[in-house]
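The same subunit A turns up in both complexes below, where it pairs with subunit B and then with subunit C.
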Partner chain A sequence: MADIKIKQKEPLIHITKRDDVSFAKSIIIHLIGIAVALVLSSLLIISVTGENPLKLFKAMYEGVIGTPAANMGINKKYMESIHIGAILLCISLAVTPAFKMKFWNIGAEGQVLMGCLASAYCMLEFGGMVDNTVLLIIMLLASILVGAIWAVIPAICKALWNTNETLFTLMMNYVAMTLVSYFIMIKDRSGRSDLGILNERTGYGYLPDLFGMNYIFNILIVAGVVVFMFIYLKYSKQGYEISVVGESENTARYIGINVKKVIIRTVAISGAICGLVGFMIVAGDKHSIKPDIVGGQGFTAIMVSWMAKFNPIIMIPVSLLIVFLSVGSKFATSAFKVDNSIGDILTAIVIFSIIACEFFTRYKVNFRKFGKED
Partner chain B sequence: MKKLLALLLCVAMIFCFAACGENETEETKVQSIDEVELTTPATIEKVAKADLKVGFIFLHDANSTYDKNFIDAANAACEALGIADTQVIMKTGIPEGEECYTTAKELVTAGCQVIFADSFGHEPYLIKAAKEFPKVQFCHATGTRGKIEGLGNYHTAFAEIYKGRYLAGIAAGMKLNELIEAGKFTKEEAKIGYVGAFPYAEVISGYTSFYLGVKSVCPTVTMEVQYTQSWFDIEKENTAAKALIANGCKLISQHADSSGAPSACEAAGIPNVAYNVDTSNIGPNTAIISSKISWVPYMTKMIQAMLDGTSIPADYCATLEEGAVQLTALTKNAAAGTQEAIDAAKEKLNKGELKVFDTATFTVEGKELKTYLADVVDLGDYVPDTEAIVDGRFIESEKRSAPYFNVIIDGITVPAE
Partner chain C sequence: MSFEMLIAFIQQSVRLSSTLLLGSTGEIITEKSGNLNLGTPGIMASGAISGIIGAYFYTKSGIPFNPIVSILITFGCAIIGALLTTLIYCFLTITLKTNQNVTGLALTTFGIGISNFIGSLINGKMGGTGIAAFPEIGEAYRATLPFADKLGVFGKIFLSYGFMTYLGIIIAVIVAFVITKTRVGLNLRAVGENPATADAAGINVNRYKYTATCLGGIISGLGGLCYVMDFAAANWQNNILDQFGWLAVALVIFAVWRPNIAVFGSIIFGALYVIGPFILGLSNKSQELIKILPYLVTIVVLVIVSIRDKKENQPPQSLGLAYFREER
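So, the complex of A and B:
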């Protein structure tokens, strides 16, 4: 009969949840993870290029920091790398409050893009009409406003009719891209659907260089956003409301929190910061507009936010690590004349290892002891 | 919390005020290219052959006929000059945007002393890089601003491709005549189709010279143009070619970089004249000839200048005579006597007896073109500035290598805006 073998055999491997992991143990797990990632990527490099992996790591380092030849001009390579990290960090900060509230906003890409569009529009419409400082302020406010509006539309629908915010915010990305294409089409006079560098000869609406280096403005703004977000989430009443709504909407209602208001307000803040990023990209960096100008950072930011467990301070090293990996490996692969995709694979190996570390800090793997079999 | 946000914004604004005190606005007057102070190219520091590193930036990879043409030329030029593979870095798939600047910078970091980019939209980003690295030479194919930018280390180049297209047009016209004589259609039905990428000067100049070539042997011909709004889109180019064939076009040519149009022609049995590459493998029964720019002469000049420590011209138009404009071998699908007709016209073009844009051979809105201001000084303002009708012809590529002929002449229909 079937019930004869009811006694279950202990599995070869089984997983149990850890109660709590000491800080030291977590550090050790992460170090092991990174070591494993380095070994795996070295093996990959040797098998693909046959070169010494140390040479490739050195090339990655040069790709991030730059060589003296590359750092001659005003755009220092290391500043550029830090700046890319800062932009990613800022988008990660933007999506965090919504995520903490369990509002799955995957529309950061579109919200940033709408911010870019608002800035680009103001640059072209008002450039030369008003003082550059006034223009920059108009661009800043317009971008923040448009970013917030773009995020609030799905938030209102979620709050009022409980629509699915994941699909809604995702779709809004495509709407934003189409709007940008349309904008380029009506503004373009070259016939090539390309606006090139905006205000290239006049420099209207460009953020100025500070201390003889560009990007400083953007980096300062992002530093401000980090401090703001840290305080906002940890110490403010609104930050607390976000956590409660995220834990349980019913609890929040029970203790008298207006859940709809919190959802809309939080998502508006998310969108506003995304809009701010759009302003930084257009005014402080690229001075151009294209449907793919955000380059998928809106999605990478979601990963950064999660990997840092929604902690704004931890997001700093995480976003820098991801950017350094991608910038460095991109440069190294071209120096070694292997396909760009190898760089993506290297980045993926490291990210996978870090995510694996998360698993090992939360769970314990137990092996079946010998001799216990019967 | 709102207060904190407001405070942050205020701080940001104060920074703005502090940092950007004044901004100069200079009134720019429209100047003809003849009045502009032109850039003199900088003398290059001589580089030993073993130390030279050359960087290339390509829009797509070798799957695009346009980029393949550049990649092949780069390989040929480097091989001819004895530049080893390890001294050449090629970056493919670089879009026309900030990525071009970043890539140029990466190439500088990797030690390249001369960098070449192949697509029109790369220009502003390459200029940005050229300003930052005055010791590195930047060369750009199809760009418009080499002469006027005032940099010394930024150079543009193009070729007299309109002559090549004119010659290819003769082959197309002869094919039409052959089909008319065979009774396939009447003289009045002689209509050709053209798949263009974007409605701007390079493309317009290209199809007009092709059309004038056809017309020189088949006077009753008309042409319909369709734009794909993309340089490389197999599907769109294929659809556009099919639509043109459905509209009664008896022969198709194209200025877009995929195999879309030639394969549509092969499927429909319609003769095709291609651009940039030999398409006889795609259309064994329909391909006639292709015109193409050979970048080998220019790239050789560019690398040689680095080795010799001379200079690269600020703007250079490579000629038919030096072999920068080429035609692929005629296929068996061509009409009899085509080669002789092409050779005769080529000789006349080289001698200057024949002008492609001779205003006696075409009309605009029913009238001869007596005067035309072209936008030669490209300041991004799209204001025409230079008289381009001289001695009864449009002086294409003489004031600037990149084409500036952008008139729609009678006999050609373009889609309404």
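So, the complex of A and C:
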């Protein structure tokens, strides 16, 4: 028989794992990703509106930073934008320790909402009965407690029976939303299914303005949470335990970490910070309660935390970028008379690009070398 | 509850159930391949809006209206739209091995955003009355067998639905059969349970994941189409489909990853969703509270399944994990 030599072709593309990518290289890859996202969004804008995308981006910039005229009074446009970013940042920080442990808590939306509900309840029940400072402290504690409880229920099931936490926390979101609708119906006497602004005349349970600017209290709290979370994750013993459990539960067990305790404790912290955000939203910003008051930020925060690779410092620019897109496009779309859901689309495109970048930092794409004959 | 109301209640429940059934059957196929697609609400929304796009251009084109053509066009558009959206998810999670939870949530944002955007655009083009409505197409979708009315109660309970309801049940039964009884289904489950083993056995893991996820996405997308065309009678409304998308994801757990159980589960979920107005003397408050039930029931099922820890009722073992050959 003739000796047939089968020529095995090398595949056109093959993927190998990178050891470690340098920080500079990772930054470059991500900047390319964001640039690709902006090009894609521009193409989308041109195809839909026929407008110059630069005009839209300029309108977005004005919507976020504000024109000088809009920034004269106490309600400064850029403060509002920073505040929205701070809230998003704080939820991202809240979900981070749980994620680092590979506990997929996608119930931040519900946990924040329960925090809002607790605050609103205290505002209505105890407003005027106690001193305003005492009331604020009660609201704060109630929100943190309720947020933590809402998160700990799935965590206990996960620790005891290994219940799937992704699906459990997801369901808890909708339970929370329905509870809020129910609460509104109980408290509402006007029949409009809307409580409007709570304590509008009395101002009980409102966080005060500082230095002649509103929102400053919330921003300071968030700054505190950033520092706390950075130190907690990086330098504390508990932060170390979280990363060990996240890397390998078996290793954690072997070196004597009580995995169940770590899971429950970490998720409780996660939920408590979510509850704190709920307090900030009600006491420091909206002064009202609605089922959609969190507005999907609980979900966006998950993506922010992931995109920032669980690093609290990197989360700051990432959440500001997302807020620039969502707030800016909301403003720009009213100017261009297109629906404001374009903000969601732009956000999603940017997120897709950034998470795709991760592939290029973790793996190396090798093309077949042409002209290589054996 | 009077007898007529009982029948109306059953009809409403079944009508809503087909949306949930198609959505969750699609998600079951996807999850069986080890992909947890949290983009299902987005995919359902994109399927629905693609159908509306088809309807818009068909009614605008001036071609004389034909119910069958209108169904074919909207159906085809929904399949293409859902497939394109799902391909984004497939490419990112399977080829680029990104995190499935994050990608899925982003896809939901994307799908809901794009459907709202196009929905508003079409609303505006149709006179800006706030709703894009295509009553003729809605009627085509809701057409029943001509003799259904003559069969009394039996006809009302079993035959009074549009074709999508029956299609949903047929698809669910076929999928259940394929997953449990055929070689393809066995391979698919192997990929979802342990892709490394499947790979070693000569199964092309990526091809299975792509095919299953795309097929699942298309079926979920048809669920979205079913909602707008049949349940809502071809009226488009922004932001309505995400709750049904999440209910479909919940139904997957409720049905412990079995489409044949999902057939009954979907009717129960549909019933729990629509029951409020049918209970006489129930205040608005209590009606609101009843809407919690589908989610609570799902949580209870999830916890019980995990406590009993029976092998055949567990989620696929590698659900949510990306597969890379060199990482074995």
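We take it that the second predicted complex is superposed on the first by the 359 of 374 C-alpha atoms of A that agree within 3 Å, B and C clash if a C-alpha of one lies under 4 Å from a C-alpha of the other, contacts with A are read in each partner's own complex, and residues count from 1 in each chain.
One rule holds in what follows: a contact is a pair of C-beta atoms (placed from the backbone, for glycine too) under 8 Å apart; a residue touches a chain by one contact, two chains touch by 3 or more.
Everything numeric here is computed off the predicted structure, so don't read it as measured data.
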Q. When the two structures are overlaid on chain A, which partner does A:Y121 contact: first (subunit B), second (subunit C), both, or neither?
A. neither
(Q) Quick check for you: in the superposed arrangement, does A:F331 touch first (subunit B), second (subunit C), both or neither? (A) first
**Q.** First, second, both or neither for A:W161, with subunit B first and subunit C second
**A.** second
Q. Of the two partner chains, subunit B (first) and subunit C (second), which one does A:G224 touch, if any: first, second, both, or neither?
A. first
(Q) So in the superposed three-chain picture, is A:F103 touching just subunit B, just subunit C, both, or none of them (first/second/both/neither)? (A) neither
Q | subunit C-touching residues of subunit A, taken from the complex the two chains share | A | 15-17, 48, 104, 106, 157, 161-164, 166-168, 170-172, 174-175, 178-179, 181-182, 185-186, 296, 299-300, 302-303, 306-307, 338-339, 341-345, 347-349, 351-352, 355-356, 358-359, 362-363
Q. If you look only at subunit A, which of its residues touch subunit B in the complex?
A. 62-63, 66-67, 69-70, 72-75, 77, 80, 128, 131-133, 136-137, 140, 189-194, 196-197, 200-204, 207-208, 210, 217, 220-221, 224-225, 228, 231-232, 236, 238, 285-286, 288, 290, 292-293, 330-331, 334-335, 337, 340
**Q.** Touching residues on subunit B, where the partner in the complex is subunit A
**A.** 1, 4-5, 8-9, 11-13, 15-17, 19-20, 23, 25, 28, 89, 91, 93, 95-98, 102, 105-106, 108-111, 120-121, 123-125, 128, 131-133, 135, 198-200, 229, 379-380, 382
Q | Contact set on subunit C toward subunit A in their complex | A | 36, 38, 88, 92, 96-99, 101-103, 105-110, 112-114, 116-117, 119-121, 238, 243, 246, 249-250, 253, 284-285, 288-289, 291-292, 295-296, 298-299, 302-303, 306-307, 309, 315, 320, 324, 326-327
